[in-house]
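As structure tokens, here come the structures.
Each of the next two complexes has subunit A plus one other chain: subunit B in the first, subunit C in the second.
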Partner chain A sequence: MDKVMSNKWIIALYVLPSLLLILAIVYIPIVLTGYYGLNKWNGIGAMNFIGLDNYQALIKDKLFWNSAGHSLLLAVFSGISLILYLIIAMVLSAKLKAVNLFRKIYLIPMLLSSVAIAQLWLKIFHPTNGILNSLLESIGFANPPAWLAEPSIVLFALFIPILWQYAGFYILIYYAALKNIPASLEEAAKIDGANAFQIAYKIKLPLAMEVIKVTIVLAVVGSLKYFDLIYVMTDGGPNGSSEVMASYMYHQAFRAYDFGYGSAIGFFLLVICLIVTWIIRKLTASKDTIQYS
Partner chain B sequence: MMSGTAEQLGGGAKNSRAGLVSLGYTLLYIVLIAVAILQVFPLVWLLFFSLKNNQEVFNLPPLSLPMNPRWENYEKVWSAGNIDVYFLNSVWITVVTTVITIVLGSLVTYAITRMKWKGSSFVLGLFMVAMMIPVHSTLIPLFSIFNKLHLIDHPLSLILSYVAFNMPITIMILLGFYYALPREVEEAAVIDGCSVNRVFFRIVLPMTGSVIATTGIINMIYNWNEFIFVNTFISSDAYKTLTVGVQNFIGQYTTDWGAIGATLMISILPILIAFLFLSDRIVEGIAAGSVKG
Partner chain C sequence: MFKKKWTVLLLTLCLALVAAGCGQKSNNGDKDTSSDGANKNGSDKVTVNFMHLWPEGVSAGQNKIVNQIITEYQNEHPNVKIKQEVLDNEQYKNKLKVLSASNQLPDVGVTWAAGFLQPYVEGKLFTPLDDLLGGELNGKFVNGTTEAYAVDGKTYGLPLEFNISPIYYNKAIFEKYNLEVPTTYDQFKQVVKTLSENGIAPITLGNKDRWTGSLWYMYLADRFAGQEALANAINGSGSFKDENLVKAANEVQALVDSNAFVKGFNGLSNEEAKSEFLNSKAAMYMMGTWELPNFTTNEDIPKEFRDSVGFFKFPTVDGGKGDINSWVGGPGVGLFVAENSKVKAEAKAFVEYFVEKWGEQAVTGAGVIPATKVDTSKLDLPQLYVDLFNEMSKASSITLFADVQMQANAAETHLNLIQSLFGKAVTPEKFSEEHDAAISKGN
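Take a look at the complex of A and B:
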């Protein structure tokens, strides 16, 4: 039995195709990103090794830090919005009818392609015919802004569809975590005279903490590498006012044909994401006790 | 939360308190319904303007249909904008990559959960860590690798990338199921002299039908919606998928609201239909796949 189940040929046959694929498509590229970042390279011609020049330029690049600031702002907003999602999930778990239907409806935007969502929100934000400004005008706002053309508000306008897209996802996760809390704990607390807010704060919140920490990682890292809607809706504009790290990288590589510098940004992005994940995981270093089914 | 308070107070059996209970519940439902409207309203508006011409979009109230809904918008874009080609490309690429990912993922999961070999936990770790790596950090090297292999503007570049990047989450969802699967039948079969291949394909794989359905639908949603790889690797219309095709098509017809609406509806309809019939599996897959990492 053991001999059959440790047949090296069969193990190689089962594991190697996927393993080689993931090495070739995921791991080798991230090593190459780091290496390309040490070169001056336009993507086609010969590479020119320049050491850490790209990284030094990156540290002094105001446009990059500007875009990094935008990514960070998105991370802060995503993090704060988690509180709202948690409250909605607590409402959902309050033994109401049609809960299943609600959480499914909430999830719909997350299932749609970023391009479709981006194009739809371009229309929603349309200065004259978009539904948002139509509504604002109908309730008395005379001159609603051209949301995506104003450098001072474009970034916040973009956050709305981004948060809209992922809200259902986090509500779903929180709901699942809260459902996992044994009803007996809540009953016992009620008998001891705890009110609903105390139950939420003292019992449900601590027991859902593991999941909350995971969602913080997801939200923060997801925001730091965010690209899709911003790329389609404003392409970082107007004039860089909605540029984020990933879109800046894309522009440097595939528009300015500075593959070396783009790779340096890509590598920096990777390092930031791994460090942030590691830090938040460290803060949450207890074993995962919550099971989903 | 508030309902809990109301419920406790309601325990006093006085009429006014019973009133408070139902008031509390009503408030909770209002919150839930308001969130549901926020999530769905933009899509309803999209459906409405996809059935209008420009004049009707600009002159009629946003949430009204013209006397004759303009279904011809759909006919027009289906053939005129290459949308039929993009749609078929999306279908076959989604199906092929999903099947490959699930077969390869199942083989790896089987080898990791059932077979005895050194390095099995290390290999599993490689797959799990890959989940944290931002796609954008691999984009430039992947572009240059595929370029060297003459796979730029070739569907194989998409297939390889999709399979590799969806492999970790696929394995993660399969893993929980494989661990929970009883092993007696497999062990008996091996003792009876059944080969590992036979055990896997004839006994194990058929038993994992339900989890394959879950991972399958999640894979399909991701592949159907993927944007950045197609946008970067594919340039000819013959291979573009719907996300990039829609993006380009809309870029050319920015002023025809009805055509844009119809295009967007066509691109999201398959997902909405899948959601209608498979929402339980989608919810399950998203909850299982996102949190455990």
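Take a look at the complex of A and C:
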């Protein structure tokens, strides 16, 4: 068996099917999207090659940069919320009562489809008979805001379900990473007189660092290309105040019939994600990884 | 033991949540297969692919009629098999776009008028249907319906529905506060004032969908500036900077200021807004006549409510140029035949048959107003329906929905501006300027 697997041709043969699939489904469409971005095309008729016009227009498009700002804000928020998830995961990984129950509770949002979550939160945020506003009214707020209709707060109102949706996912990853840390290290530290905070900061955090780096990239890139809840809950409104890059792309392509421009946005979004990933990798790169065991 | 119980409980909860989340979807799935299955008999036939947007769950009435017509047609033409593909409205639009990009449109499908149709015609994807209009269907359509499907003198779609948009109101609420149906705009404002002072939302509006707010703007524009000025501004020969059109935009914001619309209207979808009306929480609701079944025959809605729904025409404005019998509306969906269909002759014959049968059955079965002429005197129909039907024949003009009329790009700008206007993120002056810019830019 070892002999077979060391034959380069055999390896190539085994890799080929998935390579072809990924080429056909991912990489070729990316190249094509970049090419469509060079055309004026309504998605139906003939394409008209216009060079970099779409990209030039994009650079000057205030609405696009607005939506990019919203995406970036989401990325910042989901980055920050990772800290919270990490803390929760640390608590859950401790041997406490009812931890199992909480682990399951945190996982539930992950099991729901985005559209179901959106419907759920639409009901919660409903301006007159939503749970949130009924609650606020009952404790004395005379005129609670219409969460999804106020341009100044709609974005933050949307962040709550978005972050809630992914909480379980990151907590699960962190939980697994923390569980992987050998118990002997923690016990040794305890014997040396370290308190819980010191154990968390000096032992658990450094050992989970590799995983944390990955989650930062996941969270930030995931936020930059985020689409579903926003599309269902506000559709980028009101007045574009919850528009993100992906929803702006969708609107340009499928609503305004400007597939050329939509493709340009899509390609630009890819470039932004690549750059951001690269920056994060640079910033979090450490000289040597810590190995305790 | 304790642990196990919790696990079971949690699992049940998860299942319930998942089931709740998937409910809608699996419903649709079932419907698709069942409607497919109904037509899978026989082989060696000509197959006509028909894509439409009346899933059983959402549009039960229409779905039944479609299946009925198809079955009848297949019985009369044993060599033809009609294969259906059913999608929801939004999904339908997206799929149509994707299919057209790869030139794989179904032989027969559903389309909208004017601006929606245009790119498909320019891309030579739809075939002209003028020969059908000259044949059996000659003179069967209500005046002004097929025109909306014409590009450069050729008709590319045959309309099925025809709609106008009245303001529906809740008679019970009006009675409670001693309100009369307003005929002038000043009376209308008084009604709004009384209702909002009594803590009732005067008008429900789901402006997340934007075209809903567009209806209100269009009526105000029509009543202030007159039908011609509005039509000219939309087709580009006039301007939205017309003094009266700016006044109309101003009036929209004045209505918003007087709390005429339900709270949070810019974040509500049309469906959510409608439920405010159905639950008697809001007194008025402007919507197309396609909502009629909900106010007349739909058994899912309490009879008590259905009986208390009335409608009135958008009131006239003092000194305005509009006429009370001028409506905003237009043909709804129509049928097209694909240009590169391999079974064009059969497809056309089916469309002809479908349009003819649809007229009569749609009235009784689905409660929609068809685009073909129907003699309603012989049929037993709800009063609300008959009244609106008669209004339609009295109409002095019917302005096609702005977002349908405009080209896709301009329509998108228009809809966004509408939301901004209602949300007071744009001034009426800027609103007009940007409209003119978008329309003159074209696609």
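Convention: the second predicted complex is superposed on the first by the 257 of 293 C-alpha atoms of A that agree within 3 Å, B and C clash if a C-alpha of one lies under 4 Å from a C-alpha of the other, contacts with A are read in each partner's own complex, and residues count from 1 in each chain.
FYI, a residue touches a chain if its C-beta (ideal position, glycine included) is under 8 Å from a C-beta of that chain, and two chains touch if they have at least 3 such contacts.
Just so you know, these numbers come straight off a predicted model, no measurement behind them.
Peer 1: Looking at the combined model built on subunit A, do subunit B and subunit C fit side by side or clash?
Peer 2: In the superposition, subunit B runs into subunit C.
Peer 1: First (subunit B), second (subunit C), both or neither: which does A:P206 touch?
Peer 2: neither
Peer 1: What's your read, subunit B or subunit C touching more residues of subunit A?
Peer 2: B
Peer 1: Which of the two partners, first being subunit B and second being subunit C, lies in contact with A:G45: first, second, both, or neither?
Peer 2: Once the two structures are laid over each other on A, A:G45 reaches subunit C alone.
Peer 1: For A:L32, using the defined touch cut-off, is the partner it touches subunit B, subunit C, both, or neither? Pick first, second, both or neither.
Peer 2: It touches subunit B, and subunit C stays clear.
Peer 1: Between subunit B and subunit C, whom does A:D235 touch in the aligned arrangement: first, second, both, or neither?
Peer 2: Once the two structures are laid over each other on A, A:D235 reaches subunit C alone.
Peer 1: Superposing on chain A puts subunit C and subunit B in one frame; which of 63-71, 99-107, 315-323 or 423-431 is the clashing stretch?
Peer 2: Between subunit C and subunit B, the clashing stretch is 99-107.
Peer 1: Identify the overlap between the subunit B-contacting and the subunit C-contacting residues of subunit A.
Peer 2: Touching subunit B in the first complex and subunit C in the second, residues 43, 104-105, 108, 111-113, 115-116, 254, 259 of subunit A appear in both lists.
Peer 1: Could you please specify the touching residues of subunit A with respect to subunit C in the complex?
Peer 2: 42-46, 100-101, 104-105, 108, 111-113, 115-116, 122, 125-128, 146-151, 154, 234-235, 237-240, 251, 254-259
Peer 1: What does subunit C use to touch subunit A in their complex?
Peer 2: Where subunit C meets subunit A, its residues are 3, 6-7, 10, 13-14, 17-18, 20-22, 93-94, 97, 100-101, 119-120, 122-125, 201, 207-210, 262-268, 272, 276, 281, 408-409, 411-413, 416, 419-420, 423, 425-426, 443.
Peer 1: Considering the complex alone, what residue numbers of subunit A touch subunit B?
Peer 2: Against subunit B, the touching part of subunit A is residues 1-2, 4-8, 10-11, 13-15, 17-19, 21-30, 32-33, 36, 43, 88, 90-92, 94-96, 102-116, 119-121, 123-124, 129, 131, 134-135, 164, 167-169, 172-173, 176-177, 190, 195-197, 199-200, 211, 214-215, 218, 221, 225, 227-228, 231-232, 246, 249-250, 253-254, 259, 262-263, 266-267, 269-270, 273-274, 277, 288, 292.
Peer 1: Hey, which residues of subunit B end up touching subunit A in the complex?
Peer 2: Listed in rising order, the residues of subunit B that touch subunit A are 1-5, 7-8, 25, 28-29, 31-32, 35-36, 38-40, 42-43, 45-46, 49, 57-58, 62, 104-105, 107-108, 110-112, 114-117, 123, 126-127, 130, 132-145, 160-161, 163-165, 167-168, 187, 190-191, 195-197, 200, 221, 224-225, 227-228, 232, 242-244, 246-247, 250, 257, 260-261, 264, 267-268, 271-272, 275, 279, 282-283, 286-288, 290-293.
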